[in-house]
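Contents: one structure, followed by commentary.
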Amino acid sequence: MIALFLRDLKLSMRAGGGALIGVLFFLTVVAVIPFGVGPDMNLLARIGPAIVWIGALLAALLGLDRLFQADRDDGSLDLLLMQEAPLVLTVFIKCLAHWTATSLPLVIASPLMGLFMNMNEVSIGAVMLTLLVGSPAITFIGAAGAAVAVALPRGGLLVSILVLPLSIPVLIFGVSASYAAVEEPAPFLPPFLFLCALTLFFAVIGPLAAALALRNTAD
Amino acid sequence: MIALFLRDLKLSMRAGGGALIGVLFFLTVVAVIPFGVGPDMNLLARIGPAIVWIGALLAALLGLDRLFQADRDDGSLDLLLMQEAPLVLTVFIKCLAHWTATSLPLVIASPLMGLFMNMNEVSIGAVMLTLLVGSPAITFIGAAGAAVAVALPRGGLLVSILVLPLSIPVLIFGVSASYAAVEEPAPFLPPFLFLCALTLFFAVIGPLAAALALRNTAD
Amino acid sequence: MQLKAENLSAKRGEDLLFRKLNFCVNSGEALVLTGRNGSGKSTLLRVVAGFIRPESGKVTFQSQGTESRPAREACHYLGHRNGMKAELSVSENLHFWKDFLGGFEGGTGLSIEEAADVIGLSSITHLPYGYLSAGQQRRFAMARLLVAYRPVWILDEPTAALDAKADAMFSAMVRNHLRSGGMALAATHQPLGLDNAQQLEMRGFEFDDLEEMV
Amino acid sequence: MQLKAENLSAKRGEDLLFRKLNFCVNSGEALVLTGRNGSGKSTLLRVVAGFIRPESGKVTFQSQGTESRPAREACHYLGHRNGMKAELSVSENLHFWKDFLGGFEGGTGLSIEEAADVIGLSSITHLPYGYLSAGQQRRFAMARLLVAYRPVWILDEPTAALDAKADAMFSAMVRNHLRSGGMALAATHQPLGLDNAQQLEMRGFEFDDLEEMV
Amino acid sequence: MSHYAFYINTSYGAAGLIVLCLIAWVFLDGRARQKELKALEASGIRRRSSADKASS
Amino acid sequence: MTETSLAITKLSDLANPTRFLALVRIVLPWMVGITALLFAIGLYLSFTSESDYQQGDTVRIMYIHVPAAWLSMMCYTVMAISAIGTLVWRHPLADVAHKAAAPIGAAFTLIALVTGSLWGRPMWGTWWVWDARLTSVFVLFLMYLGLIALNRAMDDPSKAARVSAVLILVGFVNIPIIKFSVEWWNTLHQPASILRMGGSAVDPAFLKPLLVMAIAATLLFFTLHMAAMRNEIWRRRIAAQRRMAARKAGQDDT
């Protein structure tokens, strides 16, 4: 299993552009928003956490649709499916590797974005923390979509459509926790804990659904 | 050549669900935004054009990287390369088909998004116009990136460095032209004309670069 | 050890491709599938490997003293696609599969170098897999069968793209595997040069119980 | 009509794979490449088809009374990958190639139905290409050679995955093409059953002028 | 009715229209399929068990 | 044969497509009749009942909005149950059931969305807000469309059925979100006042037409669903017979 993790990590570093593409996309999104809202620094700071979260969400989608497709195309997916090891675990490990290669860099880069958006320290910290906790959920949901996409010849966009609605709750709680950290009356912990719960929930549901889909559509 | 256009169009209609999926994807992206920034209608209207443009960029990026890869994987790229017809033309046609299948529906659907984002009529018209003019540029830049990705097995990184930074000017002029149409002092024409110029420029440069990359690296 | 298929039927699309097939392969035996193009050889192999769920029946693997288990867990599958990453080097690929596949009771896998030696290409394991010729790629996919032990080998047209020498090498490899107690299921159009092999001829779609299906 | 390679050398990675090769194939002739795995057969064919730029020399095609032109424009290439889309039906695929490839002076392509008839699979042209078995897919890739006319056929292990009957069918198809004035370049490990074929044995990397290279 | 009449009428109208479209789709689809079945039967292709009246 | 597989065989005997078709032939005309009758009564009631002192005549929109909203969720639930049927028992009828239900569900969701906005304009002063209830219904609509797109994108029906079954089950998370969103997040939208613990809190004058309309709409759903399933079964039979004919022809000449 560790072998699988390392292989996937190596592959996305080497072939997919890995970390950089996500971060660049993230940067692009963040760079464009100020044009919309104008140079109003306060407003920027206000919508900052939301924008960073949306950017991260969208960046996580790039490449997610190929999570299993690449393995299918060269036949390794078949071999992964045959093993005694529970398929759910295999999927889980692949998700982890994907998260490490693409979302983790985003989490690490998010303070930079925060600075661009004129956010203060607490707010930056909160966004980073919520991203760290919340972004795996998106990967796990995405895995379910990607597994479905394998069955489709060119399922990329379809996956995002299926994934985005499900990721809305994650986004809501992520953003509201980030806001709660700054704005006084709202408490930080409840939405944050809810976010953690969501991630745990999807960490179970996502791989399960993905495994189900993979088993049912191989041919 | 018309055969190629039709085939590519058919492929993206059939396999990916085509136009419907692009639009659906776009809809979901737009639906996600208000959750992030909160249901403040004025704010939504203000960032509307930027969001619609980012959605279009993302929708264009998803799947664009596979423009030539899919053909390479099944061997048809080889056959396309052998023909007497100039390769630039072939690439251009493929870009057109891709744009027609994925970006054009977005352009057509963009007024709907505008309504969701609570934008006014002028603004909606401006976004639609700028998208119509600007989105081909993204496809053309993307084609160059996709060609490089085919050429180098480990080209992913290069592509992201190539495509996103190049598409930032398009995005910026597109968004600022849309804003200029609504906000008084700023004139609409200069950024819009610049956008047109960018598209024309990339319509020449993109396919040329792509053809060059494909010729030099097929093996 | 025994691989047993009982009452096996499978569909392709919406139609039955074969129906109520029974066979049983014992330790040291091979089953060779023949039949014209499209007659269902690959489909049968993929059913055994567990990719396609059969319409009826099941395939089980049993070794002495243990419970029977799904056949796929005891199998190596060598299909049309090699299951290797073009971006990684040959030895990275093989190392990954060795680690990931792990062991199986009743045998041990060779080391990467030994396996590369057996297939006669030990000098180029450092190259990226994508740089190899078709036959070389195929031969390294065969090396995968050696680096992790599995009693059953499922081979779908294994010798396509091989030159005469490699062909002989592969026959020897399969014979060796059988001699040491393994089993093999192979679909081929060219003789594999095995002695104690059962033959099963596939015939293509069965029409008679179409109405059950819809 | 004549296909002519002069002084052809090509590199793979950084090393010369073959050097100063000359050959000339006339109307009605075939050239069969043999050699062990990795000896450069596919590479040579891909140089002729124009995918790999040769280190030196060139391949030209000349027909009576016209200027010589790059060989690739007069060639059909049938490589390891079939060049068909799994999502489209067989007839959509063939129609596309027929339209896209267009004609070439000196011959005409068959219609889709006729070509499917020749390869003996006219009843399943409506199926999506991805639903076919390996051999059926290969046979439809061969049908592509028939729907658009090209004088030169470049064949890289064409008969892998074919059953015996289809094998014979393909030999007949190639012989027919040669008889009507075409040419063929083929790399195979199994005899193709052609009579008037030149042989060229490839030998793999040439090391003698390594020092020139570095 | 009151000045809300527009909203009420539009809602009922829209709902009616959507439902009508749905019914039309189901109905026309059914008719087309039935026609195809008849055509197949006429051309001599039939399910072996089409003695039962199910597909008629 | 094991006991469970025996039970499953029995079950599938009971519900095999042929038997289903026979059943539909008998039941469908009755259902059509009853549905039409109920709608006539329901529409009559909804236009003659008195209007609300607060909401005025717009309360009449409720008689279509609420049934449509309920049905949009019920339809998805039906699909989820058949999805389990597909994945666990691999029953062909279940495949057909959830495929046929998706367009119908999309239509009901669309009605709920449209009538909701039309109600929102006079009540809240806006067509649309991005609150949790409205958005989750919108997401439901998107998921219906996505499922329809998925089914169109794949031409192997049983594989398509399995893929969409997985998705339907995953997407089922959305249903509780729709149902309880008004309680979890405070929004403009009405909290449940009819279907809730501790009895209904609505004036019986409104309740009667609403209930009649709800039953009528439910019957409409089942009628359409049955008919659509029948169409789908026919479609598959036609395809199977065409394939068989083609293959037979192919075997003769090879």
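Going in written order, the chains are labelled A, B, C, D, E and F, and every chain counts its residues from 1.
One rule holds for everything that comes next: a residue touches a chain if its C-beta (ideal position, glycine included) is under 8 Å from a C-beta of that chain, and two chains touch if they have at least 3 such contacts.
Protein identities per chain, from UniProt: A, B = Heme exporter protein B; C, D = Heme ABC exporter, ATP-binding protein CcmA; E = Heme exporter protein D; F = Heme exporter protein C.
Since the model is a prediction, treat every value here as computed from it, not as a measurement.
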Selected interface, A-C versus E-F, where C-beta contact pairs are more numerous: E-F
From chain E (Heme exporter protein D), the most remote chain by mean C-alpha position: D
Longest centre-to-centre distance from chain B (Heme exporter protein B), chain (CA-based): C
Given that chain C and chain D are copies of one sequence and touch, is their interface built from the same residue numbers on both sides (over half shared) or different ones? same
I'd like the angle of the rotation relating chain A (Heme exporter protein B) and chain B (Heme exporter protein B) after CA superposition, in degrees, nearest 5. 175
Where the centres are mean C-alpha positions, what is the separation of chain A (Heme exporter protein B) from chain B (Heme exporter protein B), in Å? 23
With centres defined as the mean C-alpha position, give me the chain C-chain D separation in Å. 30
For chain A (Heme exporter protein B) and chain D, let me know how many angstrom lie between their CA-based centres, rounded off. 46
Two or more other chains in contact with one residue: find those residues in chain E (Heme exporter protein D). 47, 49
Two or more other chains in contact with one residue: find those residues in chain D. 80, 86-87, 131
Indicate the residues of chain B (Heme exporter protein B) shared as contacts by at least two other chains. 11, 14-17, 21, 24, 28, 31, 35, 73, 153-154
Tell me, which parts of chain C touch chain D in their complex? 12-13, 35-42, 80, 131-136, 139, 157, 160-167, 189-190
List the residues on chain E (Heme exporter protein D) that touch chain F (Heme exporter protein C) in their complex, please. 1-2, 4-5, 7-8, 10-12, 14-15, 18-19, 21-23, 25-27, 29-30, 33-34, 36-37, 40, 45-47, 49, 52-55
As the complex stands, chain F (Heme exporter protein C) meets chain A (Heme exporter protein B) at residues 87, 135, 139, 142-143, 146, 149-150, 153-154, 159, 162-163, 165-167, 169-171, 173-174, 177
Where on chain F (Heme exporter protein C) does chain E (Heme exporter protein D) make contact in their complex? 18, 21-22, 51, 56-58, 60-61, 64-65, 68, 103-104, 107, 110-111, 114-115, 118-119, 121-122, 220, 224, 227-228, 230-231, 234-235, 237-238, 241-242, 244-245
Show me the residue ranges of chain C that touch chain F (Heme exporter protein C) in the complex, using the header's touch definition. 11, 13-15, 53, 204-205, 207, 210-211, 213-214
